[in-house]
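The letters A, B, C, D and E name the chains in turn, as written, and every chain counts its residues from 1.
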Amino acid sequence: MTDAVLNAPQARRLRLHTGDLLPILTVLLVIVAVWYLGAIRMNAAWERDQAARAGVQLTTSELVSRTLTQDRPVLPAPHQVAQGLWEGVAGQAVTSRRSLVWHAWVTLSATLAGFGIGTALGIVLAVGIVHSRVMDLSVMPWAVASQTVPILAIAPMVIVVLASVGVTGLLPKAIIAAWLSFFPVLVGMVKGLRTPDGMQLDLMRSWSAPKTRVFWNLRLPSSLPYLFASLKVAIAAALVGTIVGELPAGATAGLGARLLSGSYYGQTVQIWSALFAAAILAAVLVALIGLIERTVLSRMGLAR
Amino acid sequence: MSALPILGVWLGGIALNVWLARINTRLSRGLIAAVFGLTLILLWEMAVRIYQIPTVILPAPSQIAASFAANRSILWTDFVQTILRGALMGWVIGAFAAILTAIAIDRSPFLQRGLLPIGNFVAALPIVGIAPILVMWFGFDWQSKAAVVVVMVFFPILVNMVAGLKATDALQRDLMASWAAPYGASLWKLRLPAAMPFLFNGLKITTTLALIGAIVAEFFGSPTRGMGFRISTAVGRLDLPLVWAEIVVAALAGTLFYGIVALAEKKVTFWHPSQRG
Amino acid sequence: MDAVIEAQRVSLTFQTADGPVHALKDVDLAIAPGEFVSFIGPSGCGKTTFLRSVAALETPTSGRLSVNGMEPDAARRARAYGFVFQAPGLYPWRTISGNISLPLEIMGFSRSERAERVARVLDLVELTGFAGKFPWQLSGGMQQRASIARALAFDADILLMDEPFGALDEIVRDRLNEALLALWRKTGKTIGFVTHSIPEAVYLSTKIVVMSPRPGRITKVIDSPLPPERPLEIRDTPEFIALAHEVREGLREGHGYD
Amino acid sequence: MDAVIEAQRVSLTFQTADGPVHALKDVDLAIAPGEFVSFIGPSGCGKTTFLRSVAALETPTSGRLSVNGMEPDAARRARAYGFVFQAPGLYPWRTISGNISLPLEIMGFSRSERAERVARVLDLVELTGFAGKFPWQLSGGMQQRASIARALAFDADILLMDEPFGALDEIVRDRLNEALLALWRKTGKTIGFVTHSIPEAVYLSTKIVVMSPRPGRITKVIDSPLPPERPLEIRDTPEFIALAHEVREGLREGHGYD
Amino acid sequence: DELTLQLKWVTQAQFAGYYVAQAQGFYEEEGLDVTILPGGPDIAPTQVLAGGGADVIVEWMPAALAARERGLPLVNIAQPFKSSGMMLTCLAETGIQNPETDFAGKTLGVWFSGNEYPFLSWMNTLGLSTEGGEGGVTVLKQGFNVDPLLQKQAACISTMTYNEYGQVLDAGLSEDDLVTFKYEDQGVATLEDGLYVLESTLEDDAMVDRLARFVRASMKGWEYAAANPDEAAEIVLENDETGAQTMEHQARMMREIALLLEGSDGTLDEADYQRTVDTLLSGGSDPVISAAPEGAWSPVVTDRAFN
């Protein structure tokens, strides 16, 4: 049954082919168009008010052009965001504090550290849960509960508490990132490690394979598709965790700090630039995991 | 020296659980989780007392319990505002949207190739960044919180659902093809059932995300009720027991929410090897 | 040309990581309406691949294949086939009766009609009483029978069966062979049937196709002189034994190539 | 008592949602060392279940089962068994040779020893050349042969085989039958073998166990008078035909109960 | 000597004095090595102090007194800000002119996290319920910025003279479009940025000495900053790691801050303290503090610093 599940050599994997360009561009175009319309709509109210206050009458074209060039638009137009991004990335030396590359780097390092810790923790717990009934019954409900703790509320406390014992800098953020990222790994990994069907397990039993063997040669390989799916969610979660950790950390550096200060000063373009920088970062990270996934799975003959 | 009683309680809890694990009844299974939790709480209480940790850093469980009892009506109001309105509504809407989108994506190769990469990208937008924007767009009340939750839960459910719709095996698909099953039939009778284990994976992960989203969004503006609101004001007043009482409510609600979804999963995907045990 | 299934120089090559596998090479075959054709040949010679190509589940790399004068794909969409796969392929979330009624649901049979047909085919494959069980609660042979029942439940004009009776004991197998033969005589279906049993092939078929592997080719096509009415005892007649011998020789030759 | 496998009043009942299924009922059987025992019986009569119980993959609901004088579970842990399942059950992420060498890895064979054994058994099941392919790149019969090779690769004292040759053509089947018989004679293994083919059972076994279904019982145990040396031609001898007849009659009776 | 200072908010000209003192070497002259920790929206400086993450914090007096009632013995050691910069900024088009009569039924944006006390006292003196309804006001927990006003989600929002008010103007509204109510003018002003330490810190004479030098240097920094607003703004910018602040905004903020500093040499004026306490005690049904605090401020540090 399971070999049949994985037996789909002809099913094509999602990959960027030249043939994908057209659909992607089309969808992009639609999104950008909707975005522009939205920007005009959402920003128009303000322009009309302003015009009314000044007692002038705006023509439609004037209105449109103004809505797309506001300093603090409700919704910045795509080209404004693009410009903000461009200036943040290319317009500054990478070491400058105005450079998005610098802030992205600060965020990235904490994200990766947290992702590493979280993934390791998730896998270790999952292995424990699959092998020990005590752990299964006692850890899982509390792992769930841990995720329902509102991190944004806890984050400042974590940072304060860690600071009071002298831990500052990257680690507190990484811990918050790990907190968020271990859970998807845990859930996916538990499911994955339990995927082997009766016959596959029976084979192992008939060889009287020790648990470690069953783990390395059966459970782990069959869990890999689940693991990779979870890792993609987990790295995105780690990024969110880092940014959350950066928000109350006193707005020092990182994309979260950029978001916050942008938000604080109502600089929507800056918010959106930071947001897109974060999304690009996440997309790159997810794509990277996808790449690893494809190499690993195809080497194992599991690529679909 | 002062660590000794803590160590003792810890070992005692473990021993009790190992013993309980031997007798496999419904009751003992419930007890194990409870014993584990009680041990943790006991350790916490002891640590706070022995090391004299100030309340404003970490209140003891007993203080939290007292605050919980004293503030029941506040906690209930906040629960309704944040969890029933914000989180639950958002989760339901987001889940439906994600499932429908996944089906659309699965149906149309064009969308699949065009929307999924972009969807991946959009979904990678960190919610904390979106929250202030959505509050700006949807106002201060629960609608904006639900919107944040929709955005947060959409991606994980979508990804899982898309993967699930593809998770049919070749033989099962060939059968459908040999019957010339129209799209609708192969969706209803093959793809959707086969996708259920994956879908529930997504639904389970997002139950907790929904709570986080709804609470976090309140930090960016809210009426004067809600769990996020209460937490941030209570932190400002250094009323940490109340903060933790709210956290306890969140954890209870989240665990319950997760439990319900997990139960539904058991019922729906009874046929999957991971459920057959 | 009034062939139901016609293959002209059909070849099919699988591309694998370590080089191409020639599953079929220059296969020519014509099957007339109402024929019962058995395919026999060593494991890996392309029997499954050929049947799948006929049902438009694989696409030949070259050559022409037509079914009812159409492309196989068009025929598939016209619901010309009932297919029994080599593995049972039951849907684990449906009970046995649910599995059997699934194609009926898809083809729009009424509820009562479905119930009636499910009961009939369950009886045919001797699984009455297991209607409410789930696939994993059945033995291997029972699963195989359920999958046969599923293919028989809707009356497709062409039945393609890939080793349907491989996991069954001789007695059930004999009974099912008789039942299949009776069904075929009554309905005039065209049947493509893969088997490893020479007596079974000889007993059932009007035409026996012997194949050899690497690359998969047809080495012999034997038309059966046996009458359509075939009691089980026919297996002891000299014609039968001679025919079986001929098939066995054909198989031996194919193996010799290895 | 020198029986390798001994069953005393073994019963096994599956609890399912719609009532219990009695898979085995009061099964008594003793198998001496070096015996080749075939199990034959209608589909669903409990053959697989019995073999699985012997290998400690199911636990009887009542009765006593001992293997080498131990509990089946202890025997399993002593690596007494090689098991061939009814379905191939190859691990999709390992190549064919990887699948075969897996139990060897687990049992701690050296790398060179593994390579040597894999090559030997691949040759035995005629799959040399497919070592590097993944399971889904093989035909059904080839997968089944790979799974047999896997069980033969490590020299377990007790071989339990559940319809190992079901998906193979007659010629390969004959060859593998001969090979298995040779192996058995040379090594003196104890073999439990499920088959649906009466000639196969008679050709291979020293003892044939006929079972009947619902509840699964042993209806007949036939000791074979055939000598250990068995050329393929033995199948045309009167002893052989008489024995086959006896088995067929036993089977008929079992079916009669239905 | 090392000293850690936890700010109440992000790096901005509101804290220019400390950054200037550091940049100009005033701390160094006093033999101090000061670490300045920026705050953030969810950092409660009081909590940081309690956790031992800082030696001194910048905090508003209402929050400090509330924490004191919670059992955290905070003591004010110096008060650089003499007057309050808080106000309520309303859209003129909502017709609000007189707080006594026009607030009822309106939606007002308020900062929470410990900054809500002055507002609650004010509403209490006005006799308005903050639970909404006909006779009361609807309160919104205002986020980080002035959007609720621009989006007309609230009739009035909280602003600081030195910060948000400027943002509202920057956004394109003119002073004519706005009506503002300063807490100072309404008689409900409470003391803002002051320096606080834990009571136990003051028991250590060496610490008191260190703090005295710190306050002295900080006040020097403030003087310098008030005199050279542009240079101070530049120093703030240099210390801003987000790179988000602009020179223009910080320079203007510095000038507004200078107005709040006027009349203070760092020593707490007891009359101001008393007014703050009185305002807070009048918190109505849910007063911020329930009893006049004892020992919530101490002149020992400023005495040693300036005498």
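One rule holds in what follows: contacts are C-beta pairs under 8 Å (C-beta built on N, C-alpha and C of every residue); 3 or more make two chains touch, one makes a residue touch a chain.
Everything quoted here is computed from the prediction, not taken from an experiment.
**Q** Going by average Cα coordinates, which chain is farthest removed from chain C?
**A** Following the centroid criterion, the farthest chain would be E.
**Q** If you average the CA coordinates per chain, which chain's centre is most distant from that of chain D?
**A** Here the answer is chain E, farthest from chain D.
**Q** Tell me the rotation angle, 0 to 180 degrees, that brings the C-alpha atoms of chain C onto chain D, to the nearest 5.
**A** That rotation is 180 degrees, given to the nearest 5.
**Q** Where is the C-beta contact count highest, in terms of which two chains?
**A** A-B
**Q** Distance-wise, how many Å sit between the C-alpha centres of chain A and chain E, to the nearest whole number?
**A** Taking the average C-alpha coordinate of chain A and of chain E, the gap between them is 36 Å.
**Q** Give, as an integer number of Å, the spacing between the C-alpha centres of chain C and chain B.
**A** Chain centres of chain B and chain C, defined by C-alpha means, are spaced 50 Å apart.
**Q** Chain A to chain B: how many Å between their CA centres?
**A** About 17 Å, centre to centre.
**Q** At what distance in angstrom does the C-alpha mean of chain E lie from that of chain D?
**A** The answer is 84 Å.
**Q** Find every residue in chain A that makes contact with two or more other chains and list them.
**A** 1, 4, 6-7, 74, 152-153, 156-157, 160-161, 164, 198, 247, 263, in rising order.
**Q** Which chain D residues sit where two or more other chains touch them?
**A** 87, 137
**Q** Do you know which chain E residues sit against two or more other chains?
**A** Within chain E, residues 41-42, 44, 47, 51, 143-145, 147, 151 contact more than one other chain.
**Q** Which part of chain C faces chain D closely enough to touch in the complex?
**A** 14, 16, 18, 21, 40-44, 48, 86-87, 126, 132-133, 137-142, 144-145, 163, 166-173, 196-198, 248, 251-252, 255, 258
**Q** State the interface residues of chain E toward chain A in the complex, per the touch definition above.
**A** Contacts found on chain E: 7, 10-11, 37-44, 47-48, 51-53, 143-147, 150-151, 167, 170-172, 174, 177, 240-245, 249.
**Q** In the complex of these two chains, what residues of chain A are touching chain E?
**A** 46, 50, 53, 71-72, 74, 96-99, 103, 152-153, 155-157, 159-161, 163-164, 247-253, 257-258, 260-267, 270
**Q** Quick check on the complex: what are the chain D residues that touch chain A?
**A** Interface residues on chain D, with respect to chain A: 52, 55-57, 76-79, 81-83, 85, 87-95, 102-103, 105-107, 134-137, 154, 160.
**Q** Of all residues in chain A, which touch chain B in the complex?
**A** 1, 4-8, 10-11, 14, 16, 19-20, 22-28, 31, 42, 74, 132-134, 137-142, 144-154, 156-157, 160-161, 164, 183-184, 187-188, 191, 194-198, 229, 232-233, 236, 239-240, 243-244, 247, 255-256, 259, 263, 268, 271, 274-276, 278-283, 286, 304
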